[in-house]
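All chains are identified by letter, namely A, B, C and D, in their written order; residue positions are counted from 1 within each chain.
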Amino acid sequence: MLDIEEVKKHNTRKDCWVIIHGKAYDVSDFVDEHPGGSGVILKYAGKDATKAFDPIHPGDTLVKYLAPKYHLGPFEDYDDDEDDPPSQEELRRRQKKLDKPDLSQMYNLNDFEFVARHTMERTAWSYYSSGCDDEITLRENHASYHRVFFKPRILVDVTNIDLSTTMLGTKVSSPFYITATALGRLGHKDGEKVLTRAAAKQDIIQMIPTLASCSFDEIVDEATSEQTQWLQLYVNKDREICEKIVRHAEERGIKGLFITVDAPQLGRREKDMRSKKIEDLSHVQGDDEEADRSQGAARAISSFIDTSLNWNDIKWFRSITKMPIILKGVQTVEDSLLAVEHGLDGIVLSNHGGRQLEFSKPPLEVLIELMPILKQKGLQDKMEIYLDGGVRRATDILKAICLGAKGVGIGRPFLYAMSTYGDAGVFKAIQILKDEMVMNMRLLGVTSIDQLSEKYIDTRHFQTRYLPEDKLFGAVYEPLVSPAFKDSKL
Amino acid sequence: MLDIEEVKKHNTRKDCWVIIHGKAYDVSDFVDEHPGGSGVILKYAGKDATKAFDPIHPGDTLVKYLAPKYHLGPFEDYDDDEDDPPSQEELRRRQKKLDKPDLSQMYNLNDFEFVARHTMERTAWSYYSSGCDDEITLRENHASYHRVFFKPRILVDVTNIDLSTTMLGTKVSSPFYITATALGRLGHKDGEKVLTRAAAKQDIIQMIPTLASCSFDEIVDEATSEQTQWLQLYVNKDREICEKIVRHAEERGIKGLFITVDAPQLGRREKDMRSKKIEDLSHVQGDDEEADRSQGAARAISSFIDTSLNWNDIKWFRSITKMPIILKGVQTVEDSLLAVEHGLDGIVLSNHGGRQLEFSKPPLEVLIELMPILKQKGLQDKMEIYLDGGVRRATDILKAICLGAKGVGIGRPFLYAMSTYGDAGVFKAIQILKDEMVMNMRLLGVTSIDQLSEKYIDTRHFQTRYLPEDKLFGAVYEPLVSPAFKDSKL
Amino acid sequence: MLDIEEVKKHNTRKDCWVIIHGKAYDVSDFVDEHPGGSGVILKYAGKDATKAFDPIHPGDTLVKYLAPKYHLGPFEDYDDDEDDPPSQEELRRRQKKLDKPDLSQMYNLNDFEFVARHTMERTAWSYYSSGCDDEITLRENHASYHRVFFKPRILVDVTNIDLSTTMLGTKVSSPFYITATALGRLGHKDGEKVLTRAAAKQDIIQMIPTLASCSFDEIVDEATSEQTQWLQLYVNKDREICEKIVRHAEERGIKGLFITVDAPQLGRREKDMRSKKIEDLSHVQGDDEEADRSQGAARAISSFIDTSLNWNDIKWFRSITKMPIILKGVQTVEDSLLAVEHGLDGIVLSNHGGRQLEFSKPPLEVLIELMPILKQKGLQDKMEIYLDGGVRRATDILKAICLGAKGVGIGRPFLYAMSTYGDAGVFKAIQILKDEMVMNMRLLGVTSIDQLSEKYIDTRHFQTRYLPEDKLFGAVYEPLVSPAFKDSKL
Amino acid sequence: MLDIEEVKKHNTRKDCWVIIHGKAYDVSDFVDEHPGGSGVILKYAGKDATKAFDPIHPGDTLVKYLAPKYHLGPFEDYDDDEDDPPSQEELRRRQKKLDKPDLSQMYNLNDFEFVARHTMERTAWSYYSSGCDDEITLRENHASYHRVFFKPRILVDVTNIDLSTTMLGTKVSSPFYITATALGRLGHKDGEKVLTRAAAKQDIIQMIPTLASCSFDEIVDEATSEQTQWLQLYVNKDREICEKIVRHAEERGIKGLFITVDAPQLGRREKDMRSKKIEDLSHVQGDDEEADRSQGAARAISSFIDTSLNWNDIKWFRSITKMPIILKGVQTVEDSLLAVEHGLDGIVLSNHGGRQLEFSKPPLEVLIELMPILKQKGLQDKMEIYLDGGVRRATDILKAICLGAKGVGIGRPFLYAMSTYGDAGVFKAIQILKDEMVMNMRLLGVTSIDQLSEKYIDTRHFQTRYLPEDKLFGAVYEPLVSPAFKDSKL
C-alpha cells in the first residue's frame, strides 16, 4: 500500500504522480502527450485528480492509454479534504445534499433545478447552467413561450389521451427527447448512462453527445435492444476521424445523425468561468492558458471543431451514412429553407440553449416565422422540425407542436434530475412532463398529438417581448438617490 | 364517557375508530366502502378527523350513512394539539387570527385576501388561492383589466345612480354574483350558507357549487323565499345521478343551470400540493396515492367527472329541465358561437380562475374579441354573457359590462371575506363593491347599468400585455455576478 | 389663566370646551350648528383641537362665528403630548424634521417629495399624496411622459432663451402655473398664502382652490397688485352661493374661472383613509360615520358638490361673469370638442391628479389624441388647452407644450416644497423648473416657447405603456415556492 | 524644508499658500486671475489642493503660469488625512482598492465598471458615471441594443475572422475607437495618456477631448508615429482661440475634427452634484456659486462654449483646416441629412452618453430610422456614420455595424478600466471586445466587417421599448399597504 505523503513528493513535470479513484499513477512520461494539455495534469501533480478526470474521460481511459507499469496501485485511505479544506460554501452544499427534499416533493422541472443549484458541486452546476454573455438568450428561450396563449376547446370527448408520436420513423411515447449535453459525469458518476436507462423505461429517444463523459460505446451498450438513440456530432477537422465516428454509430444502430451547426467555436460562458475549478475543463473551452486568453482565447479552439464546415459538406456526410441527417442549431428561416434544398431529413431550431450567440432569436420565434413560409411553398412535409431550449412545462411542448414542430429536445432539466436524484429523478422528470401533457391536452380539447395545430394557439400578442433583465449592467448601475438627511439615520 | 387513550388503540383497518366533532365512531365496517377511498380514513385511525371530514361532508352525513350502533358517543375533553403539536408557523397563524384588523379596516377586496393569507389554516388557504402550473393565468386574469382604460364623460347629471340589472330574468341589486367555489367549510364552519345569507341581504345571486361542503339542500334551505340561486354542475358519468341532481334543483327553485365545461379533469395545483395536509382532499384532486401519481395522477379522476361530455349532450340536458342552461368555462370565440348555435341561454367566459389550463386567455380578452363578432352576426342578444376570474374592483366590473358582459362572477374574494369575518365580512365585501360602483359610475358619467357601453372604454393599448412573472423559473435562475473582491466584504 | 384639568371636565355634548391655538372656547351651543357636523367637535371635547381645526378653517373663523362670550381665554402652558403620547413613528418624524437636508440639496421636485414624505405629519402627507383605488392612474400620469422622446436639433443659435408666454391673456415668466389643491394648512401654517407669495416673486399664476385652508380673501389679499390669480370652483348645489362666490371673485380681480368637472363626488383614497386621524377631515370626504359608510359613503356628499351639474349650466355661468371660463377635468376628446362647441375659453385635461376615477387616461395621452382632431377641424385656436397631473421635470412641460398645450398645472410638488421649506422651498422648486427649462430648450435647439412644436417630439413608441404595478394585488399574492430542504436552513 | 503648520497660516485671499504634489506655492497674486475663479483656490488656502488641481490642469501648468518666485519648495512629509479625517465610506473604499480582484477576473466591460464603482474616489466616479435628469437616457442607450436580435447563418467557413476596417481613411484593427471624455486624471494620474498608449498597442483610434486633464500636446506626444488620433472640439466663442486649436491639431497630425454639437451648455448631472467635493469641478459645470445657482446656473456657462454655433459656421471650419470634419452629437434624421447637405465628412449619432438632454433618443434608434432614408436618397456613402453611448458588448458593436454604422465610440468603459487597472486594464478591456468580436462574428457566420449587413439583424420587435425605471420617482412613491394587524408583528 502506498503512503499519501509519498505521492505528494512526485509533483513536478519530470516526476509526476496523480491519484485517481483511490489509486496512484505515474504520468511523468505522459504529461506532454495529454490531448488536453499538460497544464491541467500538472495542476494535480502529487494530488487527487479524480474530480477533474472523471467528467471528461470514459471509464476505461487509464486501462486503454496508460501502460500497466505506470499503475502504482492503491494506497491507504486518506482524506482529500485534509490538503484542501472545503470552504464554508462547500460545507453548506454538502449539508444541503444530505437534506435534500424527497423526490416526491418534485412537482415540476424547475424543482429539480432548484435542488441542483443548491446541492451540485459548484463547478458542475456552473458548467451545466451557464449561458453566453449576459444570459439573456438563455432566459428568453423560456420566456418566449409566455408570449403564446392557448385557445382551448370545450365539450370534446377527452376520455382517452394518446401522447405517442413518431420521430424520424421511431414510434415514441411522447413528443420530446433527451437532447445531447456534454460532460454527464459532472453531475452523476454514471454520466450519460443514467439518461439512457431512463429513456428506455419511459420509451423516449436519447441523443448521445460527442462530448459525453462516457464513451459512445458505453452509452450504446447501456441501451436496451428496442431503444432508439441518436448521435450529436461536433464535426472534427480530421474527416477520417469524423467518418470513423459516423460509420461506427450507424453500425451500432444509431437512428439519426444530428450535426451541430451553431458552434464553430464553443461559447464563452462567464458564469462557468467564474466557478473556481473551471480550468480543469479548459480544453473544452479553449481557455487553458492565461497567456493565450490575453491573445484571444477564441482563436485556440480550431483544432477541436471544424470552423470551415459548410453546406458543401452535407453531400459528403450523405456519402458515408444511410442514417437520417439533421442539422442541429438552425437559427433562421433562410437556413431552414437551405436545409430543405440540401435534402436534409430534419432540422433542430436551436441556439444551443443560449450558450453560443447572445441575441440569437428564441427557437419558438423562428418556428413561428418559418411555418407559414414552408406551407406557402408546400415544403412543410419535406423534413421534420424540432426545437430545443427553454422547455420546462408540457404547455411549452404543446405550443411548439401546435406551431408545427415534430417534437422538442430537453437538456438541462434532465441533467439536473440526474444530478440530484439519479435514475429515479430522470424517470420522474419525464413522468411529470407526461402527466402534464395528458392533463393539458385534455383541457385543450385534443386527444392525440396529430390533432395539435395552430387553431389551438393565439400568437396575436407574440410581438410583445418581455426581455429578461441585463443583470450585470443593472447591478453595476448606481441608482440616483434622494438627498441625505443630516443624521443619516433614515 | 370515552377515554381518548382508548380511542387511540383502535387504529387499524380491521379496528378503526375516529373522532369527529368530539364524538367517536367505529368505522371499521365502513372503511372499504368510503367513496373517497380508505386511505384518508386510515390516516386518522384512532385520531381526530374533524378537520379533514368537515370541508367535504354535509353536516348530516354521519346520521345518514353510519348506523347508530357505530356511534360510540362523546368522551372526555382532550387537547388535539397534544398528539400533534402545532408548528411555529401554526402558532404564529393562531396569534394572527386573534390580532386580525377590525372589519372597518377593510377598504377593498385585496384586504380580505391579505388577512386570509395570514390567518387561514395553511391547507384551506392553499386550496382556495392556488392556480395551475406557474399561476400566470391566475394573475393575468386580473392584470388583463389593467390594459383597459376609461373615457369618462363630464357634465352629466349623476345625482341618482342605479346599480340594478337583471340576470337570466332575475332583478338583482348589482351586476355581479357569487360564483361557485368548492369546499366552503375549509374557511368557515357554516360553509356556503354564509354566502347564502350575505347574498340574501345584499340582493345578489349565489351560484351553488357541486363540490360544496354543505349539502345542496342545506344551502337552498338557508335561502330566503325571494332569493335567487343558481346551480353549478360537474357532469357525472352516471347520467341517472346527473338527472336526479338537475331535476331536484329545478324542484327546489334553482333559476339557472351552469354546466362546467373547462374541467374534464380537475387541475393540478402545486401550491395546494405543497401544503401539508392536502392528502385529505386528495380524492378531489385525484392525487391520493403516490403509486398512482407516478403512473399519471391525471388518469385517476375519470370516475368523478365525465370526460366524454360533448356538444351532443346539450340536447339531453334540455330534455330534463326547463331551467336556463349556461356553459361555464367557455374560453374561445369559436365555442361561444357554437353555444349560440346550440341554443344555450348563456355562457360564462372563464378559465376556472386560472386553476385549469395555464395560458388559457383571460376572459376579458376573449370578451373583447367576441363582442364585435357577435354584433356583426347580429347574435349579441341571443344569450347572456358572463365572465369570472380576477375581478377585484368595481372598475373591473364596469369594464366588463362596457365591453358587453351581462354581469361578472366573483369567487375567491368572497371566500376570503367569509373565512376571515364570516357573515359580516361577506356583507362588507359586497358593500365595498357597490360603493365603488356608485362612485365610479358617477365619475364615469353614467347613471344606470344599461348606459354602460364601449364608448366609455379605451382598448387601444390592449395589445400590450404585462405578463406576470414566472416566479419559479425566475427564482431558480442564478444571476450572473460581478467579480468578487478579495476580502469578500463587499 | 385656565387650568388644563378644568378644561378636560367639559367633555360632553351639553358642556363642550375645546382648545384652539392655546385658548379655550365653549362650543356647547354651537356643536349642533357646526357645518362640518357635530361628530368631529365632540371628538375633541375637553381637548386640544388645533390640528383638526386649522387646515379647514380660515384664520378669522372663531372671531367671525363665535360670540366673544364663548372665548374663555388662554391658560397655562401644557404639553399636548402628555395626554396623547406620540408614537415611535411620530418621534422619528419629528427628529427627521430637525435633520432635514439643506434647501441647497434639493436638485429636483422629487427631492421635495422625499423630504415631505419623511417629515410631514402622517395625516397631511397622506391627504396630499394619496390617489384613488390602487393609485395606478396617479403614477401613470407621470409615467406617460416617459413614452415620449425628443428630437433635439443641433447647430441652432441658443444663446438667448425666453421662457415667457401668455395664459388667458396674462404674460407669465414660464409656461406652468400653481394649480388648485385643497387644505394648504395641513402642510404649512400660512397655507395657500405661501404659494401666493412664491408665485408673485416668480411671476407665475396661482389658481385658488375652493377647498383652501385660508379664506379666498386672505389669499387674494396676499397677492401683489400685478399678480394674476385664477379661481378653481366646486359648483355648489345652491346656485345663489355659487353666484356670490363667482361675482366676488371677479370683483377681486380673478382672471379665470376654472370649473371642476371631474369630481361630482370626491374620490375615496385608501392611503388617506389608512392614516390615523383622517376622521378629522371626514366631512370633506363624506366618510364621517361608519354607519353611513356601510350604506355607501359615496351618497353622503351630495350636499357639498352639485352632482347634477351639466352642459346646460355653462350658459348660466356666462351670464354671471365676464371672466374666462375653463373646464378643469376634461378627460376625453369628445368632451373637449363639446367644450369648443359651448364656447368655453379653455380646458384643463386632467384626471384630478389620479384622485378620482382609476384608469382615467393620463392627460398627455388625451392631448396626443386631441390635437390632430382639433387641427383637422380647424379648432386648435378656439380655446386654450392646459393639462395637469404627474409633471415633475421641465422635460415633461416641454413635451406637453410641443404637443399643443398652452401650459401645465403643477400641484403636489409645490405643496411638498411648501410643507418642507416654506416660501423659500416653493421659490426654489419653481426656480429648478425654470433652470431645467432653459437648459433643455437650449439642448432641444429652441429659444422661445412658441417655437415648440410636434417636430421636436417622437411619439412613435407611445403605444407601449409601462403600467405601474398593482401593489396591493401583487403584495397579497403568495408566490409559488420551490420544495423545502429538510433542515429548512436554506 | 517647509513646515506644514507654517503653510496653514497662509489661508486668506491676501496671503494664500497652497500645496500641490508635496510642494507649497504662494498664489496670493494669482488668485484673482485664476481662469476657474478664485473660489476654488480659496477653498484650499493653506491646504493641499492636489486632488482638485490635478484633473483640470496639464502637468506643466505651474511651471508655465506661476513665476519661480512663487514656488516655495517642498516640505516635510505630512499626512493629509490628519486635517481632514477620511469618512468610514472613504476608508472602506481604500480597503476595497487594496482588495480589488485580479485583472484576470475581468470578463467583460461591466466588470471594470463594478470595480470602479467600489474603488474610485467618490468625486471621480460620480463625474464619470453620471447622466442628466433621471438617467433614463443613459440607461436606454444601452437597453436599446436589447431590442435588436441576430439572424445568425450556419455552415459558413468561419476559420479566418478579420476584424479590421477603415475609419476616415485610417486602417484600424477593429471597428471601435476610444471616444473623447473629460478629466482623465480624475481616474488615473497619467490621465488620457493611458488611453493613448493602449490605443497604440491595440491599433485603434483615440479621440482627444477638449476638456482633457493632460494638455493636447502631452497626449499627442505620447502617441507613436503610426498612431492615429482625432480631436473632439468644444467650440469657443473666441474664434481666434478656436482657430489656433484647430490649426495646431492639424499640424500635429490629427486625422479628424469632431465638433461637439449636442452641448451648447453642459448638462446638469445630479449624481455628480450630490458627490461631496464637486465644487472643485464647478467651473466646468458652471455651478460654482450658490447665489448664481438660485438665479439659474444654466446661464453662467456661456463664456465657455459658444451657444451661437450654427450651420453657417461649418464653412468657416472648412476654411481653416483640411482635416475631415465630423459632427459629434447628431440626434435626428433631419440633422443627419443637413450634415450631408453641408458636405460634412461624417457624423456621430450621440446624445453625449445620456449626459445632456434627457429623452434624446438612443443613437441606435436614430440609426435604424436614418439608414433607409439615406439609402432611398442614395446618400449612404456620402459620409461616415458613427455612434456612441451604451456600448458594452461586441454584440452591440456588431448590431450597429449591421445597421449601417462605420464604427462605434466607447468612452466610460475605458475610463473605468483605466481608473482601476491602468494601462493593462485598458489593454484588456479592448482585448475582451476583440475576443468577443471574433467569437460572435464566427457564430454569426461572417468573416469580415464589410460582410455585416441588415440581413443578419432582426429589428421586428424594435418598437417594444423596455424603459429604464424612473428611480427617484419610484423611490419617493409610497406604496399602498394592507391593513395592519393589531400586534404589528406581521
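Operating definition for what follows: contacts are C-beta pairs under 8 Å (C-beta built on N, C-alpha and C of every residue); 3 or more make two chains touch, one makes a residue touch a chain.
Quick caveat, the model's predicted, so the values are computed rather than measured.
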| item | value |
| --- | --- |
| Subunit B onto subunit C, rotation angle from CA fit, given as a multiple of 5 degrees | 90 |
| Identified repeat of the C-D interface (over half of residue pairs identical), from B-D, A-C or A-D | A-D |
| Centroid distance [mean C-alpha coordinates] between subunit B and subunit A, Å | 42 |
| Subunit A-subunit C separation of Cα centroids, rounded to whole Å | 59 |
| Sequence positions of subunit C contacting 2 or more other chains | 105, 107, 110-111, 114, 134, 270, 274, 464, 472, 475-476, 482-483 |
| Residues of subunit D defined as touching subunit C within the complex | 133-134, 136, 261-265, 267-268, 270, 273-274, 290, 293-294, 296-299, 302, 307-311, 313-314, 327, 329-332, 334-335, 338, 351, 356-361, 463-465, 467, 470, 472-473, 475-483 |
| Residues of subunit C touching subunit A in the complex | 95-96, 99-101, 105-107, 110-111, 114-115, 118, 482-487, 489-490 |
| List of subunit A residues in touch with subunit B within their complex | 104-105, 107-108, 110-111, 113-114, 117, 129, 134-135, 139, 142-143, 146-159, 270-271, 274, 392-393, 395, 399, 428, 431, 434-436, 438-440, 442-444, 458, 460-461, 464, 466, 471-472, 475-476 |
